[in-house]
Each structure stands twice: as C-alpha cells, then as structure tokens.
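Read from first to last, the chains carry the letters A, B and C; within each, the first residue is number 1.
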Amino acid sequence: MKDELYTVLALGMRYWFTLLGVLIVWRAFHWLRRDRHEKHRRLRQLPDAGMVGEFVSLNDAGDMTVDDTLPVPREGVLGKLYSCDVPVLCDGVAKYHLDLVYEDGLGLRVKPRRGLTCRINGEELTRAGAARNGVLVHGDVLQVGDAALRLRLFAGLKFRRPARKGAESRGRERTADEPMTPASGWQPSRYDGFSDPAWGENPADAFRDGGEAPQKKRKSGAKGVKSARSAKNSEGGERA
Amino acid sequence: MKRQRLHFKLLFLMMAALFALLAAFGAYSVLTYGNRWFASNRNPRVRAQKEAVIAGDILDRQGTVLATTAADGTRVYQSREAARRAVVHMVGDPQGQVSTGVETFQTSYLYGFQASFTEILRTLLSGESRRGDSVTLTADSRLCTAIVSSFDGHSASYGKRGAAVVLNYRTGELLAEISLPNFDPNRVSEIEATAEGQPFWNRATQSVYPPGSTFKTITEAAALRNLEHIDAFSFVCGETPLVAAGHEISDYGGGAHGALDLTGAYARSCNKAFASLALQIGQKRLLQTAEEAGFNDNFLFRDLVVENSRFPVTAADDWELAASGFGQSSVAASPLHMCMIAGAVANGGVMMEPRLLRQVTSPTGRVRLRYTSQVYRTAFSPEIAQRLKSDMRQVVTNGTGRAASVNGVTVCGKTGTADSTENGQPIAYGWFIGFADEPDLPFACAVLVEDIGEKTSGGAAAAPIAADIFLWLRQHQGEIVDAESIH
Amino acid sequence: MTRHQPSRRLHRAASKLSAVVMLFYFSAFLLLGLKDFAWQAFALALAVPAMIWLGTNFLPRLFPADTLLLSLTNFLCALGVLVLYDTNPTYAYHQAVYYAVGLVAMVCCVWGVRAVRRWGPAVFMLLPVSLALLVLPLIYGKETYGATNWIYIGNLSAQPSELVKVSLILIVSYFMSRRLFIPWLLFAVACLGILMLQRDLGTALLYYGVTLLLYFASSGNLLMTGVGLVGGAGAAVLGYRMFAHVKKRVALWRNPWADYENAGYQIVQGLMALASGGLIGVGLGLGSPRTIPVYHTDYIFAVICEQFGLIFGLCVLAMYLAILWRGSTIAMAARHAFHGLVAMGATLMIGLQTFVIIGGVIKLIPLTGVTMPFVSYGGSSLLSSMALIGLIQGVASINEDDLREDLRLATDGEEAFE
C-alpha cells in the first residue's frame, strides 16, 4: 500500500516540479533581461565607462576635421576600419595600424603592427622600438599617416612622464619645435584646462604634483543628463 | 576590442543556435519516435509495469476478443487455434517475439501508461488492481482465418510462405495482415526464432520484396504522365529479346505477345514493352513517380512499423533502368506498400495512411482514442488513376489475372512474378495486387506467395487467393462495412 | 578583497530566484524521503536549500560575485546531487563533497584571476605544468572506456585533462591577446597530440573547438579559421579511418539497435528512458533509471528526462543557455582583451561540452566520452566546471571593480546611483 501511495504522490508531484522548473527558467531570463537594461542605463549615465581618455585631432586629414575627438579605450586597436576602437579615417593609415594598451602608472602603450610605423611627438616609432619608448602620456602627439592626434587622459589616472631630451621634469615647453600646428588655430575656450596649444603658459598651474592631468572624466552628472560629448564639466571652474 | 566584442556576440549566437537545434531535435525525436522506442520489448520499464497492471484486451472490429488476461495473469488468445494463428503477426505474442505486434507496439495503452493522474488515483482508492486500456483493431479475424485457409488450399505445389494485406482504400483501415508461416502464440516458448521459415517474422510489413510486374503500375503512371503521344504507343513483342546494356530482356516463358498498345502491354504483362517504356521515361522521371507513390520514404505511420520501400536513386546503366521498368532491378517493396499503391489507384490517386487501431477504451469505458482516416500522400493524378483502374480491369478480364475474377465483383488488379535469389539460390515470388471497384466494397489487397517455383506465375499462385478474399468480402459485405467507412 | 554590497534591486531578484530553487529542492528531497523514510533524505531536504541560500548570500560578500551565475551553478550542481541520490545515494554524498571542493576551487580561481597582475610569468609556469599533467596518464594511468585519460592515486581517481582545461584557456587567451601566434599554435598542437595519443577524442574535440573559436574571436581572420575548420574536419575523417572504435561509434550512432546486445545497449536504453519520460516524466523516484548504463556520468541527462520529463529537460538546457549568455555578457564587458578571452573561453568550453554530451544522448551526434558539466558525477568534472565558472566570476568581478573605479573617477566620491 505504501508503494502505491508513493507512486500516486510522485505522479502528482510531476506537475509541481515541471512548473517550478519553468518558473526558475523564466526568472533567470527575466534577471538577465533586467541586467541588460541596467547595463544600458549605466552606459547612458557613464558613457565614458571603459575609456581612459580621448584623442583630439590637430588637423584636417581625410574624413576628420580639427578638434574631432576619438575616445580611447583601455585596450584597443587603432586603424582605418570602422570596427577599430579608434577609427582614424584618413590616408596613410592601415586597416589595423596600432595596438593601444593603457598601463596603470605608465601611460598608453603604443605598438605598431608589423611593418608599420607612427610618430610620437615627432619621433619615429617602429615595432622594435615600441617596447622601450612607445608610451603616450597626457599631451603627447601621435602622428599616424596624415593624422595628428593629441592624447588627453582623464583625470585621476596616473601616468609617468618620461624624461625627454631638453625637457624639464615638470611642465613641458613646446613652442618652436612643436611639429604640427592646427591650420585653423587653437580655440582654447573649447578645451577646459588646456591653456593654449603650446602648453606654455603657467605649466605649473596646469599640472598638479605627480603629473596628474586635471581633466575630469566627462560625466552626465545627475541622472537624466544625456549627452556626454557636450564639453561640459561642472568642475571646470576649479582650474586655472 | 570592439571587434573582439562583436565576435563574442557572434559566438554566443552560434551557441544559442546549437542549443536551439538540440532542443528542436530532442523534442521532435521524442514526440515522433517516442512510442517506437518505448514499445520495444527490451524496455525494462514495461516489464516492471507488467507486474503491476492487468493488461487490457485486444479486440477485432466485430468485438471478438483476440487477446485478454486471465485471472492468474497469463495472456490468453483466441480459443480457436486457426483464428489465433491467423492474427498472430498482427496481435503479437506474450513474449514480444513478434516485435511489431500490437501486444508490444501498443504497450503504452495496454499497460495503462496513458492513464491520467485522476484515473490512477481513483483506482488506488478503490483498492482494485490497475487495468490497462482495451484496444479495438480495424481488422476482422474471420477474414484473416479465411485468407490463411485459402493459402493452405492453393499451396499444394509450392512452399507455404507468403503474406497478404487487405485494407479499405477509402479510410486506410487494415482489415487483414497475414504472414506465413505463422505460429501458435500459446506455444511461443516452444519455438525458436530461427526455426524453419522464421515464423516470428511479419512478412507483410517487415520484409521488402522485388515487386516484379506489379511495379508496371508505377511505370505506366510515369509513362502516362511524362510521355507524349502515349495513346499512340505501340510495341511489337516478338520472339527476339530486347537488349539493354548487354543484357537480354525477355518475357515469361519466352512468349511473344505480338503488337501491343499500352493497355495490352499492361494486361499481358509484357516485360519488353515496359523495359522500352522505362528507357523512354528515363531514370529521373521514373524515380520521381516512384517516390510520389511512397518509395524511398521513411514510413512513420502512427499504428504500424513498416519497412521502407526502395527504388534506386541512380541507375548504374540502361539495363538497371530497363529492369526497373518491370520491377526487377533493386526495387523492393513490402506487401503493405503494394496494397497501398493498389488502394491509391482505386481511390482516385489518393493514398490513405494505413491504420490498425480503431479505438482505445479506458477500463472505465471512456474512449481515449478513436481513429481518424488521414491522407498519406497523393500518388497519382485522378486521370492517371482512372486510366490505371481501367487497365487493371483489363488484366482481370482478359489478361494475366483471370484467376482473380469473382462473379458479381468488379475485381481489378495486376499480377507479378519476381525473380530473386535467397541464400544464393534462385527463388520466385508470386504477386497479386488489386481492389474491388465497387462503391460498397472499397477494399484493396496484396497477396505475395514465396517460392512458387519455375513453372508457376503470380497469376496462377497469388491471384486465386485474391479471388477468395474478394469472394469472402462480398459474402460478408453487410457485416464489415458500416456507415462510417463508406464516404 | 573589497567588501561588496549588492544593490538592493539585484538582491531582490536574486532572492526570488533562489527562493524558488530552494523550494524546488526542499520538495524534491522531501518526496524522496517519503519513499523509504531515510533520515538522510530529510537531512538533505534541509541542507541543500541551506547551502544554496548560503551560496547566494554569503559568497558575494567575499568578492563582487555574479549572483545570477552562482544561482544557476548552484541549481545545476544540486540537481546532480538530487538525481544521484535518487539512483545511488553513495554517489550523492561523494558529489556533495566534490561540490564543496569545487566551491573552494571556484573561489581560488576568482582570486587567481584578480590577483595576478602580470600574466606572462604565470603562463610561463603553467605551460609546462599543463603539458606534464596531460602526459601523466600515458605514463602512469590505466585504460578505461577505451581511453587512457585517468590516473589512480591510492583509491582516488582523477582526470587531468579536465583540470588542464582551465590552464588551457588561460594560456591560449594570453597568447592570443598578445598576438603570439607561434607559441599558441605549438601549444595547441602539443595538447591535441597528447590527447590523441590517449585516445580521449571527446576532450580533444573540446580543446580543439575552444581554441579555434577563441582564435576567431581575437583575430577575426575568417580565412585562417576556415582553414582550421577544414583541418579539423580532415582530422576527424582521418580519425574515422584510423581508429576502429571511431568507426564503431559512428555506426552505432546511425543504428544503435543493430548491436543492441553490446555496444548499442547504452544508446538504446538512453532513448527508451527519454521516451518513457514523455512530457512531464514518470515521477521522481519511479521509473528504472539504473537500467541505463553510466547513468551517473554521461547519461545523467537521460535520467533527468525520464524522471522529470522532456519539458524539464528543456528547462535544464535553458539554464545552460542562461549561463552561456551571462558568460558572454561578462566577456563583452571586459576591459582587457585577455580577460574577455578568458571569460569567453570558459563559456565556450562549458557550452560546447554540454552540446556534445546532450547531442550524444539524443542521438544527434555520435556519443563521445565527455560528461555533463555540474550535473555529472565525478570529482574532476565538477572541479573543472566550477573552476571555469570561477574564471568567469573572476573576470566579472574585475569588470565590477573597473566600473566602480570609473564611477569613482567620474563623481569624485559622490553618489551617482542609488
């Protein structure tokens, strides 16, 4: 009798277990969907998530104009294709031209692909030499093909300024030997914190100790502010 | 990194597609093949359930009990030995030696696996032991017995092996399914599976044979469909054999039929004429007509397990194509399928799905399943079917099938004599497929006699058995055909 | 190690899911307990839900864990314990122990992924160790089920090829993210070669699949991927011709009933179990699961489908898919190519393994010698699955940390979210 009772009970419970199984699956996928919404929401509020800075183009080359900004991820590829993380659409740039990796405490390491070169602050960089001095820091100019890009790193990121010949350990004086000048001229008011293209005026004011860049990561601020590309920075007034 | 992310997304979608494939394939397999896998006599769950449940009865369409469970739990079959032997391949045996018999294949009903939860609860509370469902077949056991005795009566000069199938061509109901040699299910333990003639083997559905001249039906259908000026077809059948790819084709007994048109060639069953027709039709079109009639299809009927019929997809040379024309290449079909083809001709070209289960009733009398007739495929167009029908009538009136004629019934059919080899020895099979072209006798049959020897033909060996079938059907007309079957 | 408080919204979602899961196992073990009135079943009815509750509520305090992944993993592992208890209680107790060890392994992997700063030296060490572990069964092991990939120490047995899966992913991801294709190719060929020698074709298939797919993910070179695929297909055909038992397996796949007495027995019994289950199963504790050969490892899915039904089997499949989805999302959110590849590699490994084994059970593809992740009985199998999940969790926790860092930088300490 007990066996038959158990049989009936187990037969009845089949529906229960099937129901619970379906419920568990439904809740799991519901959670997944909700997380996706959450992720999108976060991205909207923090559009620069995962980025370490941006490249500012210094000239009109190819499809780019002056003052175009290209966000720089922590790790990515620079090249001509749209599928690159930093798409530089102009002549002289290969499909996949450079690999970029941001190294904490060091800077943005640049490694050209096989057979390709670029220039950092005017100096030629090849694949072989990249191990030693292929590092970009805040303010460095990268020339790839026809394009000239200046790197801005977001505030709070630490990087080490490499000693350069003739440069002081603090501040950077570049006036005459600045290789590239924008054709249209610099518009200082558009770039918070940039005093002028030559970086000459009051370099000490522009940089705090340790070489940290003053820029803050662009944020949408309070909830509801959408565009991150608008050059707004609520703390802009703090700096010189 | 962007590219890598895109690739990750692609890879995930690929994995999702693979999983969807798994789900779809799993669901499809279990739902389609589930019963076949379950109903195997090696399924230990069935054995376990057999201890706990009293198996339901198997009845024929007249209500005659073909199998029931006695009080002590043993399975009891028809009391008359001739009857229980005749239906044994359809009904099955207690040990499942007939692997596709109803006893085994419908275990799911017979042993109460389909009982709903409330029914089980009620049985438990009442304290009785559980019973399985009763299964009513579409077959008529008296017809089966009559067919077996007809075989016995006519088989004096040749071996007692063969098969016969009778079905209702309007609804697809199987009226009889015979395989010889048969055996007594009450004595199943005394018989070896490898005994003489393999008595456990159901020749009607599990064996495929070369159809011989009965395949000319398909060839004629292909000719009618594809060849222009077929009405003007004329063939002079002389003494000299036809040669195709180095092989000779001649007719039975070396006979010459003279000048024949299509109907004449069919009625006289002229191999040479049909060989030349096949060569004209071509392998591709002949294959197409054969496949439309069900060759090379994977038969997945609900109530039956039927071995698939074969037609060669490519012909090695002209000889094989020509031989296909009169059913002697690697073409092979089961007697059930040939019966379905005859039924299609009778039914305006529409082939019905063969059904064996008429009704399933639960122990409390609730009807769990009532059969519905379903179209399996449209084999021929109505015009071609009509033409085939009239030609098949010619076969019986003044062709090779005269032995199948019955007074008062318009019998149509086709004979066939197929040569083959078995264990290296040549063997001949005698075929007759046909139907009754009567609105109140919508039945088709196929008769196969194995090992008829060199001197006999299908017309002589199988056709008389078919005649007996139609005679019996005519005599018991009122009892078999009820209002539901005639449309 | 950072103290981590999951946000309240996610916490609610987590508790709802784990509540249902706990209810499921409580009722399941209770039912099994009523069968024989064994105290162990009632104990498990309390212990398993308790472990699940602990898992979802306490582990996330150790590191920013992905709670959904934890819940799914817990569900599947507990399902394994349930089904094993139903068929053979001794196995269930072993499996529970393995599960505990697996949890430790998972946490170790998470810490490993988070702690190692420079992967170069780590990979440099892992490489020879992995190869050595792979070669070990050839020297020291015994042949079981036609393959020589087990080693026996005392009365413990282990399958090194399962454990090497983890280091394979780390090594391959490292090489791919640094674009060092030659070392990658050499390592991959070495692994595959050793596995071929051991005739462990199922694991070789997995290694090969994951390596090729990771190559595609990181390089995007369709041409070379195609070449790899063709090469793999060619190797498969070669294997078919060379190895007799591969031929046999393929023949069995087409028609297992032909050799029902010996080799086909397993497949046919599996199919019968699937069919008997129908849509909602024969009932927990009923049916005859033990008639299926290897019901505790390869064919555990057939047992699940028999007891719980086809619908529940499809639900289990959906759970695996949820794990894959989650793993892919985590991989896509990674900041470094290496982390992304690690997470994706682990995900692919789990996914491919599940596909191969379930495909074999339902006769979609020939049967191979792999087990079902999380559910199958077996220390090495469970350990490696949990370690893989640990890798994914590690990457997820790094993602979380990175996100918080970004948030901190952006708000300078202010609260931007609730």
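In this section, a contact is a pair of C-beta atoms (placed from the backbone, for glycine too) under 8 Å apart; a residue touches a chain by one contact, two chains touch by 3 or more.
Owing to the predicted nature of the structure, the values given are computational and were not obtained by experimental measurement.
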Chain pair with more C-beta contacts, A-B versus A-C: A-C
Central chain (distance from its CA mean to the mean of all protein CA atoms): C
Distance from chain C to chain B - Cα centre to Cα centre, in angstrom: 49
Chain A and chain C, separation of their C-alpha mean positions in angstrom: 35
Mean-CA-position distance for chain B and chain A (Å): 73
Touching two or more other chains - residue numbers and ranges from chain C: 282, 325, 335, 337
Shared-contact residues (touching 2 or more other chains) in chain A: 7, 11, 73-75
Residues of chain B touching at least two other chains: 1, 3
Complex contacts: residues of chain A adjacent to chain C: 6-7, 9-11, 13-18, 20-25, 27-32, 34-36, 38-39, 42, 45-46, 48-50, 73-75, 99, 101, 154-157, 216-219, 222-223, 235
Footprint of chain B on chain C - complex, ascending: 213, 216-218, 220, 260, 268, 271-272, 274-278, 282, 287-288, 291, 310, 313-314, 317, 320-321, 324-325, 328, 331-332, 335, 337, 340-341, 344, 347-348, 351-352, 354-355, 358-359, 362-364
Chain C partner contacts - residues on chain B that touch it in the complex: 1, 3-5, 7-9, 11-12, 15-16, 18-19, 21-23, 25-27, 29-30, 33-38, 40, 42-45, 48
Chain A residues within the chain B interface of the complex: 4-5, 7-8, 11-12, 73-77, 83-85
Chain A-touching residues of chain B, taken from the complex the two chains share: 1-3, 6, 117, 120-121, 124
